[in-house]
Structures are given as C-alpha cells and as structure tokens.
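Next, two complexes with subunit A in common: one pairs it with subunit B, the other with subunit C.
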Partner chain A sequence: MTNAAGALVAEATTTGEAVPPRPRRSRARWAAVAFVAPLLVYLVVFYAFPLVQNVAMSVQRYDRGTFVSGGAPFVGLDIYREVIGQPKFWRIVGQTATFTLVSITFQYVIGLALAVFFHRSFKLSATLRAMFLVPWLLPVIVSATTWQWMMNPDNGAMNTLVGWFGIEPVWWLNAQHSLMSVTIANIWLGIPFNLVILYSGLQNIPTTLYEAAAIDGAGPWRRFWSITMPLLRPVTLVTLLLGLVYTIKVVDIIWIMTTGTGTSQTLATWSYGMAFGKGTSGVIQYSEASAVGSILLVIALAFGLIYVAVQRHEEG
Partner chain B sequence: MPRAWWKTPLALVLTGIMLFPVYWMVNVSFTRRESIRKSQPFPFDFTVDHYRVVLHEQLPFLGTSLAVGVGTVALTLVIAAPAAFGLAKLRMPGGRALSFVLIVAQMIPAVVMALGFYSIYNRLGLLDTIPGLILADSTIAVPFAVMLFTAFMRGIPDELIEAAKLDGASHWRTFRSVVIPISRNSAITVALFAFLWAWSDFLFASTLDREGGPLRPITMGIYNYIGAQNQEWGPMMATAVVASIPTALLLILAQKYVAAGVTAGAVKD
Partner chain C sequence: MATISARTAAGIGAVAAAGLLLTACSGGGGVATPGETGAASEGTTTAEITFWDPYPQREAGSDWDNLVKACAPEGSTITRTSAPQTDLFNQLTTAVKEGNAPDVVLLDNPLTPDAAASGLLATAEQAGIDTTGIDENLLGPGIVDGVTYGVPMGSNALALYYNKDILDAAGVDPASIKDWDSLNAAIEKVVASGSKGITFSGIAGEEGSFQFEPWFWGAGADFSDLASPEAISAGQLLSDWVGKGWAPRSALNDNQSASWDLFLTGEYGFAENGSWFAAAAADNEDFTVGMVPIPGKDGGLAPVPTGGEFAVAPLQSKDASDHYANAAAVIDCLVGGDNAAKTSETLGYLSANPEIRAAQVSSNDLWTPWVDIITGAQGRTTELGADYPAVSGKLSEAEQAALNAAGDAAAVETAFKDAAGS
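This part shows the complex of A and B:
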C-alpha cells in the first residue's frame, strides 16, 4: 500500500501538475512542527529533565537533609569512585550479567522451540498461543508474589516438584539460591515475548523453501538448521538485543521476590534499594543510587545503540 | 500432509505447565486460611472470604489504579497521535533523528527515571499524587505509541490527505476528520497497552507514590501484604486475581490488538 501511494506521488511530480507551490510546502513544515511540538516538549520535560537530574544527583553528595533543603556539595566523580571501589561492586556486576545472559538464553531457546511447535497451525493452536501471552501481560507484582508463594520452603509447589525427582527441599529465596530463583521467574516472564517475535519471524520464511528441501530428502532437523536458523538470524539478533536491554534493567520481579537479597542483587535493584529500599537499607543514599543508576544507564544505552545499528543494517 | 494429531494434546499440556502459576494463585485465593499451608492441588477447603477482604480493603486502590490508567491513556493519545501525524504525513524535518530518540528513550532504565522524577516531584510537591503518577506512567507508553501510530499513518494513502486539502480542510481538520477515524484500531491498541502498563506499574508507584494512602494504586495494595509481619497469602492472592482482571479482559476481548502491539514494538515489516 505504501509503495502504491509513493508511486502515485512520483507520477504526480513528474507530470508537474500536482506539485505544491513553495509557500505551501514551508507552511506544511511549520504545521509538522506544530503537531510534533507537544511531543518535543514532553520529551524534554519528562525524559531529559529526570535524566539530567539523576546525573546531577550523582555528582553531588546528597543525604536525607540536603535532599530536602537543597545545597548538597558538588563532589565531582567521587561518588562513582566510592561505588566502584566497594568490594561488592564487581560481584553485583557479575550477578547482573548472569541474570541477564541466563534469562535471555533460556527465554530465546524455549521461545523458539514453542514458535516452531506452533508454526504449522493445528486444532486450537491460535487460542493456546494466545494463552501463552498471559505471563507477559500480567502485572509483575502478581507474577512475582505467586512465584514467591510457589517457592516457599515448607510446602511450596516448587519443592513438591523437585521432590518428585528425589531432590531435597530447596530454600529458594535465601541469599545463596535467590539468583537462580529470580532468574527462573524472569525466564517464565520473558518466554511470551520471544515466542511472539520469533513466531512472526517464522511466518515470513517462504513455505516453498521447506517443501523443496523436503523433496530433496532433508529431514526436519536438517531443515531447521539449514533453513529456519539462517533465515531467522536478523530476528534472532533483534530479539536477543532487545531482551538484553530490557533484562539488564529489571527491578520489579527481583525486588518483589527477594528485595535483592544475596546473590539476586543486580545493579538495578542495588540502585533502587539504596534510594527507596523499604527497611532494607538503614541510610537513604540518593547520590550512590544515582551513580549506580547512571552506570546502568550507560551499559543499557551501549547495547541499545548496537541494537539500533543492527536494525538499520538489516533494513539496508 | 497429514496434520500431526499429537500436537493439540501436547500443546494443552505445555499451556498447562506455562499457566500453572496462574492456576496456583487462583487456587490459593479460594482456600481457607487454615488450609493454605497444606498446598492442596484444588481448593478443597473452599471459601470466598479472601475476596470479601479485598472488597473491604482494596477498593480505594482499585479506584486509584483505574483513574491513573485512564489518565495515562488520555495523556498518551493526546501527545502521540498528533506527533505521529506530523512525522508520518507532514514530513517533519529531523523526523529520523526523533525516531532514534524515541527508541533510545525506551531503553532508559526505569530506576534512573524514578530517581530523577523523585527528586523533581519532591520539590514540586507532586509526590503521592495521582497527576504525578499519571505523568510518570505515561513515559512508559508515549514512545511506543508514537512509533505505532507513525508506522500505521505512513500507510494512509497520500491522496486521501490531498483530497481533504483540496476541499479546503486545514491540517488540523484533516487530522481530526480524516486521519483519526482511519487510525481507530491503532488508537485502541495504544490505549489498551497504555492502560495495562499504567495498571501494572510497580516501579513508579513504589517510588513516587509510597505514602499516598488511598491514592496509591492496586500494585501497592498487593505490596502492602508483603511487608506485613504475618504475610496474609489468601487476601494477597485474591487481590492479585482481581488485579489480573484487565489482563484477562484484554486477552478475551481484544486479542487482535494485543498481537498488533507486541509485534509493532520490535519487528518492522
């Protein structure tokens, strides 16, 4: 449809009749600016301003008092140095990396398996595929509290499950196991997104390719590795990069399940906890929280830029 | 090719596994307090008492969530739809750069935004207010909304816009009487997602609206149970079930819009 409209415009310009006179075009420009202006103002006030505010807090030493009264002293990069110098900093970076990479790997593999499974329609397939969206559309607090309940050590559903395999009850949410537990819950949350994106990617692969390969005697396994995976590469890249950017900044599922206890502490929950921790941190540390937030921001944006570059590249 | 008969039963089993946590939540919400710890597969010790508690304790929070959701939808539509028209049809100068900014905006960690908003709201007195929460929640939806609207409006034939102009319609008139009615489905998708995200938001609610009393949303209503000394799982799960109603409605009544929204964000055709 877009192409047809474009062709019409091109035709109109070559015949010369429908070319709008100059003043009208510049008036259209102004109209465009007028239509977009509220968005521009919005972006400055509600994105740029909070961002600048966050960075400003990270280079001034705020505490409870100066936060209210203002006048916190400027300290340059001192707070960044202090935060990075803490012994737990690199441990938390490692946990963040583990949480993110394990999450997106499993989300992708399970999502892809399901997408392939649902690829050829069968009875009820559309309805059941829609049901798979539920974890993604539920409020995270609902999912997080449900997982917390299923992971309670006494008689939670998870311990019943592992009990069937002869495994001793696990203390899922304690300091040692919490990273594994929040990652399991987060994988569950992310499967629907991967399923939907990969499924729509599969729909774009021409069926004739599979038919030709089948005639040539390629089995399903061979067809998957020689047709599906190579042709799905652009979608795979986009899915993994988006997954990475979204997962690295996750707060809610972790915080609600464990308040970032022990191994489940990530950069995002650490930052959140220092500023807003409900009884978990004795002193409110806005400056430290902002510094960690800014570090997280830089990492997220770095991967975000890679994502944009990849997407532009794929578009040609 | 013969249809694989085994696929439907297998799909049912897989769906069952995937949705087990949801079932478990519903199960607990109908089980009497004394029996919850037994973790039975069905609510044998059936009760609706937990829902009575919800009605008694959570109504103000549900009302707040509804107000915040509706406000977020309105604000998002008002900002995104005209901007998308400017970007898609009036060839806004620098439009490409703006799309880039919108993609990047979605990648900013929410905790960074929350910290910034918190310090600004603290000064402006917007903490613990509904308008404050609406403004913050709208930042989740606005970039997505602009991109979804822009993608759709690019597909509107230019002749349609030109025809309106020839009839003497101003840009505003064209936007209101031609573009908006055609974009109805996109508007519904945007509205549904903006509402759902605002309704589900935990991060802004727990930072910008911590002490708002009844002016806190339902996610905080659930969160209250977590902090309590003696965690009340029954009422908590019943509240969670009630908080999931918008999700259920969305899936039952508006499936096609959901699919449109999920793919629009990530994959361009």
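This part shows the complex of A and C:
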C-alpha cells in the first residue's frame, strides 16, 4: 500500500512537471478536486471509516481473541437476529422511547416557558438566564453524582422534598423507578439547551407583530398561539430533532446514576456495557454492541430524514 | 501563477489521497499479528520500559509510584500509566492488536484467564516470571490449560468489619458470629439498639459479584447452577437485609468505596469490605474498628474470592525477547524473593507466598486475622476459567434483582432462575 501511495505522489509530481499545460478546463477540474480533497479525507477518516467498521463488526462474530488476531467469522445478519430476538430487546426499545420522548417533551415545554419568560427582559433577567445555564456548564460526572446523592432512598434530598407533599419516601434508583429518576435528571440537564435556542428564536420574531396584534386586541395567550408558536416553528423543529438525537444516545448520566440497571437500561447504555464489558454485561461483546449501535444509528437517521422532509414541505 | 497554484493543489490532493490509503490500510490486515516466539533469556533490557497498572489513585510521587520506578534496571527508565481495571484490560487488548503493548501489566486476577485465552499474554516461562512458592489458590487464576501466565502481586480478601462502639452498646459479642443465624441475630440487636445494620456493595458488575461471592459460596452454591436453592438462599439473605432496613437501599448502586464511606459515618454496626481498608480501619479515630471473617451459612469460614492483580507480560510482535527481558527484570524486582514483602506492604496486600506472608504478619500484627481468610480464599476463575466474566455478569443481574425485591422470597427466586436461564 505504501508503494501504491508513493507511486501516486510521484505520478502527481511528474504530471505537473513534465506534461505541457493542459486545456484550462482540465486544470480547473484538478483544482476543484484538490479543494474538495481535504474535506473528503476528513469525512472518510472520521465518518465513513468508523461507520463502515461498526457495521463490519456487527456482521462478524468477534470476541476478544478474534478481535486481536483477526479471523472473526462472517455471520451475516445473525447477530442482529440474536440481539432483536432477546426477550429484553423490545423492553429496552420501549424504555429508550420513553426516556427520549418524555425527556424532550419536558425539556421543550419548560425551555420554551422560560424563554418566553425571559424574553420580556426585566431587571436581572440576564443574570437569572445565565444561572439557568449552570446544568449545561457542569461536567456530567458532577451533576449525575449529585443527582445520585439527592436520590438516595434513605436520606436523600429528593425524599425530603416529596415528604413535604405527604408522599412516601421513594426508592428512586431501584429497578422499577430508575427510568423515571434518570429521566428527571436528564430533563434538568437539557433545559438550558432548549432555553438558549428557543430564546434566540424568539428574538428573531419582529416586535412590531406583537404590537400590531396588541392594538387589534389580542391577549397574551392569543399572541403566543398565533404569533410566537407559528413563527417559532423552524426553530422548534431544529430543537426537537437535535434534542432527540442527543437524548437517544445518552450514556453518561444514566451510567453514572444506575449503571443502566433495571428500567433505566436504554439501547445506548446496553450497547456501551457490551462494548466495554462493563456492568452486568460482564464479558465484552463487540459484535452485539456494534449491532445495537447500528440500530441506534438507523433510528437517528430516520428522524433526520423526517426532519429534512418536513423542512422541504415547509419551504415548498 | 495559475499554473503553480493548480499544480500545488494537485500535489496536496495526491498527498491527501495517499494518506487516505494508509489510513484504510491500518484498519485492515496491515498489522502484524503477535508472534509466540521470543524469550526473556534471549533479550536485553531496553532504555524505555512501559508499565501499566489499575491504580489511578496512586499518583506520581506516591510510595507505589516510587517503588515501581526504582525497579528500572540500570540504564532504563519506567513510564507508568494507570487506568481502572476494565479500561486497562480493553486498552491492553487494543495495544496487543496494534503491536504496541506495554512491557508489564498488572491485570485484575479474574480477567487473567480471558486475557490468556484471547492470546494477549506471553507465558511466564517466555517472560522469565518466577512463580515458585506461590500459594496454589492464589496462582490459580494465572494458570490456563496447564500453562502459567503471570504471578500474583499479593492478595486481598473480604471480611466483616464492625464498629466496636456500636456492638458494645448493643451488647453484641463479635466472637458469637459463627454462621448466618448468629450474624443475623447480631445485626438485629444492633438495629434494635438504634444503630443501622450493615453496609455492602451490590453495584452492577464485577465489583458487586465479588462482594456477593462469599455469601454465594458460603451457602454451598457453585457457578454450575445459579438457580440452586443454595444460591437463592444467599440472595435471600442480602435481600432480607435490605427489606428489613438493616442494609441501606443504596447498596444497589454503591461501590466498595461508597459502602466504606457509609460505614465510616459511624452509623452502621457492620461492613463487608476488603483487606485494603485494614490500615485505614486501624487508624480510624472516630470509633474502634474490629474485624471478623465472613461466616458460612452453617458455620465455618465462607470462602471469599481471591482479590488482587497479576503481573503479566503482554505478547509482543517486535523485539519480543527484549520486551520480555524488561518484564522479567521489573517483575522480579517487584515480587521476586524478598522484594514481595515490601511490594505487598506498599499496596496494602498480603503476600501470595506463605513464607513471606508469615514474615509480614510477624512484623505487622494488623494482618494476623487475615491469614486464614486468604488461605481459604477461592479463585473466581478456578471453576470456569475464561468463561467466568459472563457468569459473573449473570450473577450480578440476579443479585441486583434480589436486592430490588427487598425480601420478597418469590421475587428473589425468580431473579436467580431468570439469570440462570438467560
């Protein structure tokens, strides 16, 4: 391979030196290729190659030995069949869907409410808005550990809090409740992102529209539903899509809080555990992890395409 | 001007394309497979020696760091890198694949059979590692198909620490703890006196399995049947502790450090934890800490899993003999002969060599109660070899579900049957 590469370089050099100037078009084409090349190289090395490698791993039966020495047998779609055939697969898909949809719904609604609230720019609004960004700035290891402490079933702050409302102490991180608990933490984590994007979207809505509506007698509710929401649609779409793609692949906060046990297991944490032999996966399962990873990728891609289709529909 | 820029651009494009080809190669079959040739006796030590261990908490300049670096042979320097157990193992896998493995790795003992079976390790004979005089139960995890792959760095074990102040106040005599019934009676008295019962680590994964195994084996269960009545009774014991409020519900997510921190609050009567905390326990100022071995279900000592790392030499593809010579020199300096005593003391381990261990105990009384526990300890991989991690994962699943059941006997039984069937 090195030889082939060397030959290529040599050929390129000689082409430039020896051959008399070619017609202008050919030269321009070379230049075009050259300008595109760095981007192409980047895309291939950092996107296409890992992607292909991931899919390749999921159709070969790898274990630690064959990973090192090579020679993992090609098994076609067997791994996918095994993964999907596991009794827990659909349960985990359901948990992933719940985690993702509940997270982005609450993140969006709370983020939008805060954005509208801060849009009125009262005194201290900038300071307060900055404080809402804290979850975004904290390292996840810090916030996830803090949530774990607060959700301690015996003496955590969360149980004190719900106790004030007469609710019995909750075992937040057990198998049954862990999905709810990690979702709560993840909502908190995602609010700043929604707030920032929606706030900037609000600033692009001309204030004259609101003024005109107010003169025509529209109340705040009417102005929100008839001006803010329709004009915020493109921003909303982007926010929801990005939120979805971010949320569906969340590993860190779940893993730190529960190591993906019980109902808090999602496709992403399941894949992570198998890829590194962590948690209850015990043994490393490269192929199964790649298969689940590929499934996740297809899901994210599907939503990406839906977004593109919706956007095209809007523009058309 | 136009000519030059077009030519330059073409050159850049060609170079980029060449880079692309090279990258594509390194992902494919371009990597040399590690050979099985080479022997320490045929090599000479090199100027740079790489050393990996799973002790990120022992920073540069710590006693351990100094001890390792002082083991560099004349004319060599040691570069030490640390990562948590599982990460270290995964990094080792990639490094051997890429042909740039370190000279010496300290690998957690239950991972060693998997590493050997996956073709990551040079044999002890190749790497010039001396294993004479090491206890059989401790050397066990390093032997795969009759071939030895490394030497234990020492051993640690689990026991029940207790808060003497709390036990005195509750009128519990630790010597009365001989089996599960007397242990339960003791915990009950402690809880009745107003304190909390016992802390342990039930976190998902190997760490939780490690802490569960003394109860599992102590009940008479073995890995061939995770759904045996003995196995279920061990799950029931811990599940009941959680259900009755004797153990914190956070045990489900606590690792061993977190569960030790809970014990150090002084609220708990007992704590299942490791000999690596023995020194900290002796130095504890807030209350007096004592220790009893973990009892078997019907009496006697429960076999605890052997803990600690193996010093191994990864398989090398280039200059193998030189790398093995490095490994031989460094490992011999750390655990060969009398050096083992100093290394064990630095790590807070007991030596894996009975003679050195005896000397260690006679000079440091702290270790006296641990000797019988270590001698009776059982290798986690003795029964299953490289298949252990998979079974350990299932055991961890069963334990997690049992703790979630908080005492519900039917749910505990289902937990173990599900895990055995999965």
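List of remarks:
FYI, the second predicted complex is superposed on the first by the 266 of 316 C-alpha atoms of A that agree within 3 Å, B and C clash if a C-alpha of one lies under 4 Å from a C-alpha of the other, contacts with A are read in each partner's own complex, and residues count from 1 in each chain.
We adopt the following convention: a contact is a pair of C-beta atoms (placed from the backbone, for glycine too) under 8 Å apart; a residue touches a chain by one contact, two chains touch by 3 or more.
What you see is a predicted model; the values in this text were computed from it and never measured.
When the shared chain is aligned, subunit B comes close enough to touch A:Lys123, but subunit C does not.
In the superposed pair of complexes, A:Ile284 makes contact with subunit C only, with no contact to subunit B. With both structures placed on the common chain, the touch criterion links A:Gln176 to subunit C but leaves subunit B unconnected. In the superposition on chain A, contact is made by A:Pro38 with both subunit B and subunit C. In the superposed model, A:Thr258 makes contact with subunit C only, not with subunit B. Legend: residue contacts after superposition of the two complexes on their common chain; A:Pro153 is shown touching subunit C, with no touch to subunit B. Look at A:Gly190: by the touch rule set out above, it reaches neither subunit B nor subunit C.
Considering which of subunit B and subunit C touches more of subunit A, the answer is B. Of the two partner chains, neither subunit B nor subunit C is touched by A:Gly111.
Of the two partner chains placed around the shared chain by superposition, subunit B and subunit C are both touched by A:Val68. Shared interface residues of subunit A (contacting subunit B in one complex, subunit C in the other): 1-2, 4-5, 8-9, 28, 31, 33-35, 38, 40, 49, 53, 67-68, 148, 154, 276, 278-279.
Residues 3-4, 7-8, 10-12, 14-15, 18-22, 24-25, 28, 37-39, 78-80, 82-83, 85-87, 90-93, 98, 100-101, 103-105, 107-120, 122, 135-136, 138-139, 142, 146, 154-155, 157-159, 162, 171, 175, 196, 199-200, 202-203, 206-207, 210, 219, 222-223, 225-227, 233, 236-237, 240, 243-244, 247, 250-251, 255, 258-259, 262-263, 266-268 of subunit B are the ones that touch subunit A when the two sit in their complex. Contact residues of subunit C toward subunit A in the complex are 2-3, 5-7, 9-25, 27, 29-30, 33-34, 86-87, 89-90, 93, 96-97, 114-115, 117-120, 203-206, 248-250, 252-253, 389-394, 396-397, 400-401, 404. Within the complex formed with subunit C, the residues of subunit A that make contact are 1-2, 4-6, 8-9, 11-13, 15-16, 21, 27-28, 30-31, 33-35, 37-38, 40-41, 44-45, 49, 53, 63-65, 67-70, 148, 152-154, 171, 173-176, 257-262, 276-284. Against subunit B, the residues of subunit A that register as touching in their complex are 1-2, 4-5, 8-9, 18, 28-29, 31-36, 38-40, 42-43, 46-47, 49-54, 57, 67-68, 114, 117-118, 120, 122-125, 128, 130-143, 145-150, 154-157, 160, 188, 191, 193, 196-197, 200-201, 235, 238-239, 242, 245, 248-249, 251-252, 256, 268, 271-272, 275-276, 278-279, 286, 289-290, 293-294, 296-297, 300-301, 303-305, 307-308, 311, 315.
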